[in-house]
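Chains here go by letter, A, B, C, D and E, matching the order in which they are written, and residues are numbered from 1 within each.
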Amino acid sequence: MDFVNALVALSNFVLIPAIAYGSQLALGALGVTLIYGILRFSNFAHGDTMAFGTMVTILVTWLFQSWGIGLGPLPTALLAIPFGIAGTAVLVLLTDRVVYRFYRAQKAKPIIFVMVSIGVMFIYNGLTRFVLGADDQIFSDGERFIISAGDFKRATGLAEGLGLKTTQAITVIVAILVVAVLFWFLNRTRTGKSMRAYSDNEDLALLSGINPERVVMVTWLIVAGLITVAGVLYGLDKSYKPFTYFQLLLPIFASAIVGGLGSPLGAIAGGFVIAFSEVGITYAWKKVLGYMMPEALEPSGLVQLLATEYKFAVSFMILVIVLLFRPTGLFKGKSV
Amino acid sequence: ESHMSEVKIGIILGFTGPIESITPAMADSAELALTEVNDSGMFLDGIKLVPVRADSTCVDAAAATAAAERLVTSEGVVAIMGADCSGVTGAVLSNVAVPNGIPMVSPSATSPALSTAEDNGLFFRTAPSDARQGAVIAEILKEKGISSVAVTYTNNDYGKGLADAFAENFDGEVTLSAPHDDGKADYSAEIGALASAGGDALAVFGYTDQGGKGMIQASYDTGAFDMYIMGDGMYGDTLFSEQSDALEGSIGTSPWAQGEGAEMFDKVAGDAGIDAASSYTRESYDAAALIALAMAKGGEATSEAVAANLMDVANAPGEPILPGELGKALEILKDGGDIDYVGASGVELIGEGEAAGSYRYYTVTDGAAETVEFK
Amino acid sequence: MNQSLKTVLLFALVAALILFTGFYQSWNTALVILNMGLVSAIMSLGVNLQWGIAGLFNVGVMGFVALGGLAVVLTSVSPVPEAWAAGGPRALLALVVGTAVIAVSAMLWKRSRKGWLVVLVLIAGFFLYRWVRDDAVNAIEAVNPAGTGFLGGLGLPVVLAWPMGGLLAAGAAWVIGKTALGLRSDYLAIATLGISEIIIAIMKNEEWLSRGVKNVNGLPRPVPYETALQADPTFVERAVGLGLDPATASTIYVKLGYSLMFAAVLIVLLVLAQLALNSPWGRMMRAIRDNEVSARAMGKDVTYRHLQVFVLGSAICGIAGAMMTTLDGQLTPTTYQPLRYTFLIWVMVIVGGSGNNLGAVLGGMLIWFFWVQVEPLGQAFMTLLTAGMSDGSWLKGHLLDSVQHMRLLTMGVILLLVLRFSPRGLLPER
Amino acid sequence: MENLHRHFGAFRAVDGASLEIAKGSITGLVGPNGAGKTTLFNVIAGALPPTSGKVTMDGEDITGLPPHALFHKGLLRTFQIAHEFSSMTCRENLMMVPGGQSGETLWNTWIGRKRIAEEERALRKMADEVLDFLTISHLADHPAGAISGGQKKLLELGRTMMVDAKIVFLDEVGAGVNRTLLNTIADTIVRLNRERGYTFCVIEHDMDFIGRICEPVIVMAEGKKLAEGTLDEIKANEAVIEAYLGTGLKNKDKVAQE
Amino acid sequence: MSGEDGFYHDDRGNHDASITRRGGEGTVDPTRRSGAVSDAPGGPFLIGDSMTGGYGKGPDILHDCTIAVDKGEIAVIVGPNGAGKSTAMKAVFGMLDVRSGAVRLDGHDITQLTPQDRVARGMGFVPQTSNIFTSMTVEENLEMGAFIRTDDYRGTMEQVYELFPILHEKRRQPAGELSGGQRQQVAVGRALMTKPTVLMLDEPTAGVSPIVMDELFDRIIEVARTGISILMVEQNARQALEIADKGYVLVQGANAYTGTGRELLSDPEVRKSFLGG
């Protein structure tokens, strides 16, 4: 029984949160990695694009909620996601047309693109706040829990509870689906292969009859989809606040990079590495050990490797160590 | 002096950055006070007080300094209502306010360290220092018989200061005191550690729509704690209603005046369409009102007048003044009378840069704060 | 247009912008912008050295700037005797133990390549370190926590902190460079970014060292205090003689003092950087940037050169960081945000023209100017925009409420405009 | 070098090749595509670590030394795929080559300006001579990234002429170089070999070129040495013909008929 | 540690170039759209007529240069390094701005077409450098060659594998890991996959072994015989001219000599200055 309790405590505080958070990061990182792999720059506007896509979804969700349309136990926002994606797609395609295209024509260096994307980030930042403001917005509805910690305790009679949120489950499922589809798309379909070809050698792609602007457009469309889904899932699970989305940028980049920039599989792996190192390393083992060990040996201290103050430091430390042993990321990122 | 018919007051708050969501209401409240003063027609021969906003960013000392510098030297503001976060407040104070002799009244910088900052008598605040809040919270817990708590605080001078003050005054056991950073994506790690450490309740000294909320949500999602103790930064209707399940039965404190003043403010602010329940709206209103009243008392709309008379108008003796009664106050002052500004937050300034103020001890019931008593 | 004419014109533009600020806003504002502009220019000089010249993608600028700030505290703040008595020596011992553990395990790893052994040493060392450290730290932090609660510094003149900041940053850069410079650019980027976050985390949480998030206020200054000047009759007399009021005169005097000192540092660094760049050293660095494999085959020790330039660039950032903290008069670890202290510096370098030292300086001054001035600019723009709308309309109200969000938006627009008209930077490398 | 191995995963690019390059010789290295010649070069020049085996030069073990150290020991190489410094001018590409320039020490750039200026003058003269020789002096101030493929090859060769080397490894200098010019290059190689005592090891697929300068010729196939001898001996070797030389155009006669 | 392999064969040699990577970046403005195609009947099958132009805003490299090839013919361009041979090829393919002159294909003026639209009109090109997708496998490289084809291209792929057996062996390996000569074979194979009506090859035999070179020339003759026009640049000029129907000698961006392959081969002046005696 104690062993079960230990396991439950660990799942509740480490495994489940980390898996859900990892999936959220992974979805974000997929977008970053795709833009990097195909359009060849690190998109700093990613976080703010995510905020924008979520904002559109939220507005539509509110509309649906006011109409009384819902999904029962599932969040209404899931219904609104397509609209969010459409809105984001319009935004990014417009941005591409007005901003990035010019630099593509100029053959600007990737670093210029990065700087331009910082400019775009500032603008999106303002845009989102103009429409919806800077505050927290609540848009989740439906059942919050599949099973809450309290119910779990009552049902099982264990001392420890295990909470599983609807949104956590949705996040993980969606992440798996999206990755599978994306992988298939890039490696098996003609369009996907043409995107990889374009990213590898632009001139030669032209010489093979690939239309570069179409590749760019498709990339943005996919990114719009990924970004919105990631943003909405994150918002449902945690909360929606534009500033947090901006802050998410760093762990997302870290995930994309530690997994190997340009590699979709790497993005997933990276997301989990970052999430687990953030959540796991600073975990205080006191409770778990308390269950596992005989009374006499029960730890008196917290048995915490490092204080939570250092959780970012630790996750970055792990990142650096991973990179020292695998200099181009877990999945040898080079191209998609 | 007809050319002086407009006098500018700087409002320096973090309109962008980590507390961007509470600053608009704060600024509105401050401007509400100024409008009230202007509308009364009683202010120094019809001089109009014009608010000028500037962005403190809450965290970027250099940007805040530059913004303040601009307000002071090019806009020519004579006093500053602000800044908000303790860090930038210190920077603006020593880099701009003191050198230029501009008084600052901060509505929300509560770090104990500011009490001793070198300020040449120019720094005031309407919110009490966290040193006191820590003691108040400890006292409440003692009364309630809670003997072991886990603490999480926002990782800045405010959070740290409050957590320290609390720990110092608390008789029971603090199982773990873990900071959290605001605006981060995920708080599972902190909750994991705190839950492991255990305790009867979780004390959250953070911001209502920032990491503090994130911590409560993460705790609720994992069932880590059932009861929360909240510092001033956590007070916010949205949080209470949104997290009503999680917070049911939790307790908190917030700088707040007993009775009338606060009620009046709710009314006045409500009429003006301002969300009075947001954090530090009361203190902001009071800060701006004090600036105006000090000018009125000094008989001139200058920095010197503010610095010299602010303590005077804020404290007894004199006629108590509530929100919405600024016109009355001005009239009294005009007639050479004395006032004791009580305002929305029950202002009581004890020494330079130090406000006494009282705290409202509340519990959360059905998604709303219910006053238990004032301390 | 030829490049040198362009250079002159663009610098004239920056000067004009600052003068304009002086005339239309105030000279104090102008000098504030100028001072931080000079500091920013130094930072971008450092980044340009690393990226523009050597092709190293260092996104850890923030960390080095922060170390510079820490140096100011460690150098100039007077020591806190009670804290030293409470646990100073033991804290130092802990530092020694920590370094020794790391050094020993690094050596073990080199010699034996036995992972488990190293891990074992590290773990044991970690506990030893914590054991030595924790008591000392608790004792130190308990000494008057609201006022001090840290060891303080050496109490030396604050100007010494600038080279100290450089040294501290250089030391850190050396360690980082030794471990991480083998990484490819983006991987190096995230590694440096991570390390800078680690540095900030340490500064935030090691209170005994830096007072952590409680900040250190009232740092000593290399220039007189305004209030002292205002109290000085000769100064007041002279100010009045010049037709200035004493308060304004004193603030301008102090700021000018900083301006001169900063300008001197910038000029020295710029001259050194230019000499280095226009010499075989610069040629070699560019060769390495262009093609490492080939540079290696041509006998250039790429690893060493990378380390050299990484350390130098970081040291420059450290110096700038120390100068900035001196200017601020306080150390606030929470203000170190990557957006402001890393990415904005990068924007400066790239907008200025990477690979060109003068470009970096120009970019530093110009972008900083806008970073400060976009706020009034954005407000003005919004006023203009809403001028035509009917009063009291919902949209107008909403837009005016959101006017603060114009700040970053305007910054974005300006950035895009500048990059549109000079996609290779204002002063491109060649 | 002895019994050198370099594996990529399970693939053995260099599989136990042992060959010897005599001092003062111009050794030709030929072999079918993918025989492992370039990989062999990379291993010798320190660009890739060997999986196993040993490389010695002048009796000294130089296995696994980094490329820059080898350069200073007098071992130079060119790349099959040109590795120019693309943003630098052609002249700078050459001037950066010589080692031990005092201006490469940071300190000297601040205090030793005069000495540097002198050295630079000399270097510049030398670089201009080399450019002249390679018939690309008009490109001296051209960015090396924007010159033709063949010109890049020439530049690559030019770099080896900027210093005194003991041994120079040339990886397909001839590919893409105009044959007339290639003859001149061949003469230079011979001259450098005679006058300055450079040892050369040359990979090339152009038999005329090999025949003109190389003695002996080593044939590699599948990571191993297949044959060694003079070009005529090689040409007569059945195995080499089958794997490498072939028997000429099948369609040739058809062309002739037209 | 896996970083080191690969990049010696990469086109981007730089160890530190993942953000500055130039390898993938093209030289052609990808955002350009095709202009109109007008009828221009008569003349050879493909002709770059009196082309003058250069790179970007730089000086003109080509001066009134004319190159043409007829159906089923092999035309070979020779000339010293830097003469503008590759530039001429790129000009014909629309990869740089032609300031004056025209390109006509099969009776249409295609001067305003983008390269990708020229591919759709049946032109195929193997550039001199960066001519493979280094990160994609050999097989994917070939598939990309067949990108515009909607029919079943497996047969063609078999033919390519037959021609270059080594490619079959390495078909699952990233092309960037191949040896120089093998890459060249991939490049030619990719172009063959297009099933073009005009095939343009920039030094296809650079770096390939004699036996493969012979195979390649054999194959080119065969291909030409099926009615495909071949336009190629060669430094192995003597072999190339032997099989050429038409030869051009380019010097400093202008036509210096033009004639049949045999004529040029027997011209002593040409032999001496351009063919290495």
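Rule of thumb we're sticking to: a residue touches a chain if its C-beta (ideal position, glycine included) is under 8 Å from a C-beta of that chain, and two chains touch if they have at least 3 such contacts.
Going by UniProt, the chains are A, C = Branched-chain amino acid ABC transporter, permease protein; D, E = Branched-chain amino acid ABC transporter, ATP-binding protein.
Everything numeric in this text was worked out from a predicted model, so none of it was measured.
Contact with chain B and chain D alike is made by C. The fewest steps needed to get from chain A to chain B, moving only between touching chains, is 1. At the far end from chain C, in terms of centres built from Cα atoms, lies E. Ranked by how far their CA centres sit from the centre of chain A, the chains are topped by D. Averaged Cα coordinates give chain C a centre that lies 51 Å from the centre of chain E.
For the pair chain B and chain E, the distance between mean C-alpha positions equals 73 Å. We define each chain's centre as the mean of its Cα atoms; on that basis chain C and chain D are separated by 46 Å. Separating the CA-averaged centres of chain A and chain C is a span of 30 Å. Those residues of chain C in touch with two or more other chains are numbered 182, 184, 186-187, 189, 204-205, 289-291, 293-294, 302, 405, 407-408.
Looking at chain B, one finds that residues 16, 20, 155, 179 touch two or more other chains.
Each of residues 42, 109, 111, 114, 129, 133-134, 261, 307, 309, 312, 327-328 in chain A touches at least two other chains.
The part of chain D that touches chain E in the complex is made up of residues 8, 30-39, 42, 47-49, 79-81, 83, 86, 135-136, 139, 146-151, 153-154, 172, 175-183, 205-208, 243-252, 254-255. In the complex of the two chains, the chain B residues touching chain C come out as 15-16, 20, 24, 53-55, 59-63, 65-67, 69-70, 72-75, 86-88, 90-91, 94-95, 98-101, 111-113, 115-118, 120, 131, 155-157, 159-161, 164, 179.
Within the complex, the chain A residues that touch chain C are 36, 42, 44, 99, 102-103, 106, 108-109, 111-112, 114-116, 118-123, 125-127, 129-130, 133-134, 250, 253-254, 257-258, 261, 307, 309-310, 312-313, 315-317, 319-320, 323-324, 327-329.
By the touch criterion stated above, chain A contacts chain B in their complex at residues 9, 12-14, 17-18, 21, 24-25, 129, 133-136, 138, 148-150, 152-153, 161, 163, 165, 234, 238-239, 241, 243-244, 247-248, 251, 275, 278-280, 282-288, 302, 304, 307-309, 311-312.
Looking at the complex, you find that chain A touches chain E at residues 40, 42, 101, 104-105, 107, 109-111, 114, 190, 193-194, 196-197, 199-213, 216, 261, 325-328, 332, 334-335.
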